[in-house]
Amino acid sequence: MVYLTRVEHFNAAHKLFNPGWSRQQNEAVFGKCANENWHGHNYELHVTIKGEPDPDTGFVLDVKKLSEIIGRQVLDKLDHLNLNMDVDFMQGKMCSTENLAIAIWGQLERFLPVAVQLHCIKLYETPRIFVEYYGR
Amino acid sequence: MVYLTRVEHFNAAHKLFNPGWSRQQNEAVFGKCANENWHGHNYELHVTIKGEPDPDTGFVLDVKKLSEIIGRQVLDKLDHLNLNMDVDFMQGKMCSTENLAIAIWGQLERFLPVAVQLHCIKLYETPRIFVEYYGR
Amino acid sequence: MVYLTRVEHFNAAHKLFNPGWSRQQNEAVFGKCANENWHGHNYELHVTIKGEPDPDTGFVLDVKKLSEIIGRQVLDKLDHLNLNMDVDFMQGKMCSTENLAIAIWGQLERFLPVAVQLHCIKLYETPRIFVEYYGR
Amino acid sequence: MVYLTRVEHFNAAHKLFNPGWSRQQNEAVFGKCANENWHGHNYELHVTIKGEPDPDTGFVLDVKKLSEIIGRQVLDKLDHLNLNMDVDFMQGKMCSTENLAIAIWGQLERFLPVAVQLHCIKLYETPRIFVEYYGR
Amino acid sequence: MVYLTRVEHFNAAHKLFNPGWSRQQNEAVFGKCANENWHGHNYELHVTIKGEPDPDTGFVLDVKKLSEIIGRQVLDKLDHLNLNMDVDFMQGKMCSTENLAIAIWGQLERFLPVAVQLHCIKLYETPRIFVEYYGR
Amino acid sequence: MVYLTRVEHFNAAHKLFNPGWSRQQNEAVFGKCANENWHGHNYELHVTIKGEPDPDTGFVLDVKKLSEIIGRQVLDKLDHLNLNMDVDFMQGKMCSTENLAIAIWGQLERFLPVAVQLHCIKLYETPRIFVEYYGR
C-alpha cells in the first residue's frame, strides 16, 4: 500500500457567522472572523489516496487524473468564490476549515476509481492553521 | 546602510471590478476575480526599511517597533476585512495587488522614525504572484 | 473526528551535554552540539488536537484558544530562553528534541478542554530535523 | 515511542516508459513524462524512524548517524544520476515515485540499528506531488 | 513604477559537459554534474516585469497574460525536456543555470507588451542555488 | 553580468546586551532578547556574488567553490557557537543581525576570486526578520 498526495490551491471569501445568533454573540465568539463584509484565504488542499502501484505504470493513480478529479469536483466549486454564498455543498453549514474539509471529502470520495481509497483531506486555512479529516 | 525587512500577514476579501464597466466587461477582463460575491487571500507583506545601525543597539530600527507601526497603520486596517468595502485608503481605487502595495507605502512612510527610510513594499497575493513598490 | 493543528515558533539556546560524562566523551558523542557556550535554534512547533466539530461554531476548538493555551503553557516558558538553564520542566533531562517534544506534551495535555484530545506534538529543530510524539 | 525524521535531497533524471509498450502507448499514458531524452527532478526525501529515546543521550538515534546511513545506502546511489540507467535497485522497475519510495525502504531497512524501526519513507517528486510508504 | 513577479516551475534533465574537453577534464571540473547519463531538477522561475498600473484595471499587466506568455515562450520549450538535447535556444551553450537564465530573458523580452519592461529573470536550480539576470 | 546566490544555514546562541548599560536598561531596550542565559536561532544566509559567466563552464563561479569559501570563512566560525563569546570577528560588537551581516561581508569579501564581486549578504534571523547588506 502506497499513499499518494496531490497539493492544490484555491482562493475564497468566507465569514464565520451563526445565523441563529445575534451579531454581538457572533462577534464575541468569532471576533474578526465574523466581519459581515467577509474576509478570505489562500487555502492549500492536500488530497491523499492509497492503493497498490499498478505493475504497468508504477502509479497508485495517474496524478494528472487525480488532479482533474479534484479540479472538477472541488476547485471549480470553490476557487475565487464565496464559501457561504456560492457553494452548494456548504449551504446551511458553518464555513469553518473543519467543516470545509469534511465537505471536500464528501465531494471526492465517490468520484475516485475503485482501485484506490481516499485516505486524508488536509486543508490549510493559513500556513499556521490546518485540519485533517480521515473520513470517520 | 543596512536594509531590514519585517514579514507580516493579513487575510482579506476583495474583488476586481471596475464600476465604470458593465458586468460583462468586468468578467471579460477580470474573469473569476470579478465574482460579485468576493473571494479572498492570505496576503504576505514584506516591509523593508534602510538606515545605519545604531552604535548602542546594533539596530537599524528595533524590529518590534517596526512591527507595531505596521500593525497600527496597515494590519489593523486590512486584516479580516473587505478591501473594497472596509478600507478607507482603498476607496475609489481598483483593489489590485499593485494598488494595494502603493497604498500601504502611503500608510507607512510618514510614520517611520526620521533616522530610517522606507525602501520597499513587497506584497504576495499568492505564493506565485507578488509585487514590489519602491516609492516612485 | 477532525484533527486541528496550530503552528507556533520559539527561539531558544541549548547544548547537548551529559553531566555524568567527561567533556571528551560529550564531544565524542554530541560533537558541535556539546559546545559549552551553547548554540540555539528557531524551533517550529505543531500542536495537533482531535475532536468533533461543534455544531454551533464548526470548530473542534477555537484556534485562538488553542494558541493561548500553547502560549501560556509552552511558549512563555521556552521562548528566548535557555532550555538547559531556564526551563523548569526540562531540569535533569537531556535537552534533545525528542525529550523536549515529550515534555511539551506533558505541559499541554492537562490544560486542554475535555471535549478534545491532544493527538501529536511535532517539533522541528531545523527545517531538516523534526520529531513527533503521540503520547505513548 | 518517538518518531524522528531526517529530510534529505537528491537530483536525478528519469523517464516513465514501459518497455513492453509502443512509443505511442507510452506517450498516451505518460504524456510529457515519457520524453525519450529524459527529464528530472529535485527529489525531497523524508526518512522517519521510531524508537525510545536513549536515557544517556535523549536521542532515538543520533541524526548524524541516520544521515550517514541515508547518504551511503540511498543518496550515493541516486544523486546526480539517471534513475532508469544508473541505479541497480531500480533495474526492471517503472521509475515512478511510488516504486522509488518502496525501493528506498528496501535499501534502508536492514542497515538501521536494531534499537530503532523504519516507520515511513516520504518522497516528494515536486512540491505538489509526494508519496508515503510504511513498509506494507 | 511597480514590479510584478510571476513564479513558474518546470522539470528538466541536463548535464554539465564541455564537448571541447576530455571526459576526465569534465569530471574534474563538473564532478557529479557531468554524469553522462544526465541528472535533473525542478527549476523555479521568477519573471519580474515593471510598469505603471493601468488606471482602469490596477494592473501593470494581467498576470494571466504574463503567465500565458511565459508558458508559450519558455515552459513549453523546457518542461519535461532535456536542456542539452531538446531545447533549440540552448544549442551550443553550456547548460548552466546562469546561461539558462540569460536565454530565458532572450525568449521573453520581445514578446512582452510595449507598456511593460522585463526587469529580472530569477532561476532556482535547487532551493539553495539561484541566479538573477537583469538583461545586461 | 549575472548574480549567483548560495543559501547556507547555521545555528548559534546569542543575546542582545550592551555592556555599557545596566541590566534594567538592557531589559527595557532588548526585552526577551537580553536574557542573560542566551537564546538562539537557525540563521539562513544568502551570499550573492556577481560576474560574467565563464565561456568554458557557463559558471559565474563554481557554486561548490563558493560554498567551500563560505564554509571556511563563515560557517566554521559561527555554526553551533555563541556569537557573543566564541566568534573573534564579533568581539566588541552588539550581536544584532545587522552587525552580523556586515561582519560576514568583511569575512568573505577578500577571499573571493578576483573575477567575481560580492554583491549582497542577506541574513534571516527568523523566517519573518531578515537584513541585507551591499557593502556600503
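Before moving on, here are some points about what is shown:
Chains here go by letter, A, B, C, D, E and F, matching the order in which they are written, and residues are numbered from 1 within each.
Here is the rule we use: a contact is a pair of C-beta atoms (placed from the backbone, for glycine too) under 8 Å apart; a residue touches a chain by one contact, two chains touch by 3 or more.
Note that the coordinates shown come from a computational prediction; the quantities given were computed from them, not determined experimentally.
The minimal number of chain-to-chain contact steps leading from chain A to chain F is 2.
Here the chain-to-chain distance from chain A to chain D, counted in touching steps, is 1. Relative orientation of chain C with respect to chain E corresponds to a rotation of 180°, obtained by superposing CA atoms and rounded to a multiple of 5. Most remote from chain B, judged by the distance between CA-atom centroids, is D. Comparing chain pairs C-D and C-F, the larger number of C-beta contacts belongs to C-F.
Annotation: 29 Å between the Cα-based centres of chain E and chain F.
Centre to centre, using the average C-alpha position, chain B and chain D are separated by 41 Å. Per-chain CA centroids place chain A at a distance of 34 Å from chain E. Within chain F, the positions touching two or more other chains are listed as 127. According to the touch criterion at the top of this document, the contacting chain pairs are A-B, A-C, A-D, B-E, B-F, C-D, C-F, D-E, E-F.
Those residues of chain B whose C-beta lies close enough to touch chain E in the complex are 16, 18, 20-21, 29-31, 93-99, 101-102, 127-134, 136.
Contact residues of chain C toward chain F in the complex are 9, 11-14, 32-33, 35, 37-42, 79-82, 85-86, 126-127. Contact residues on chain A toward chain D in their complex (touch as defined above): 1-8, 48, 53, 56-60, 62-64.
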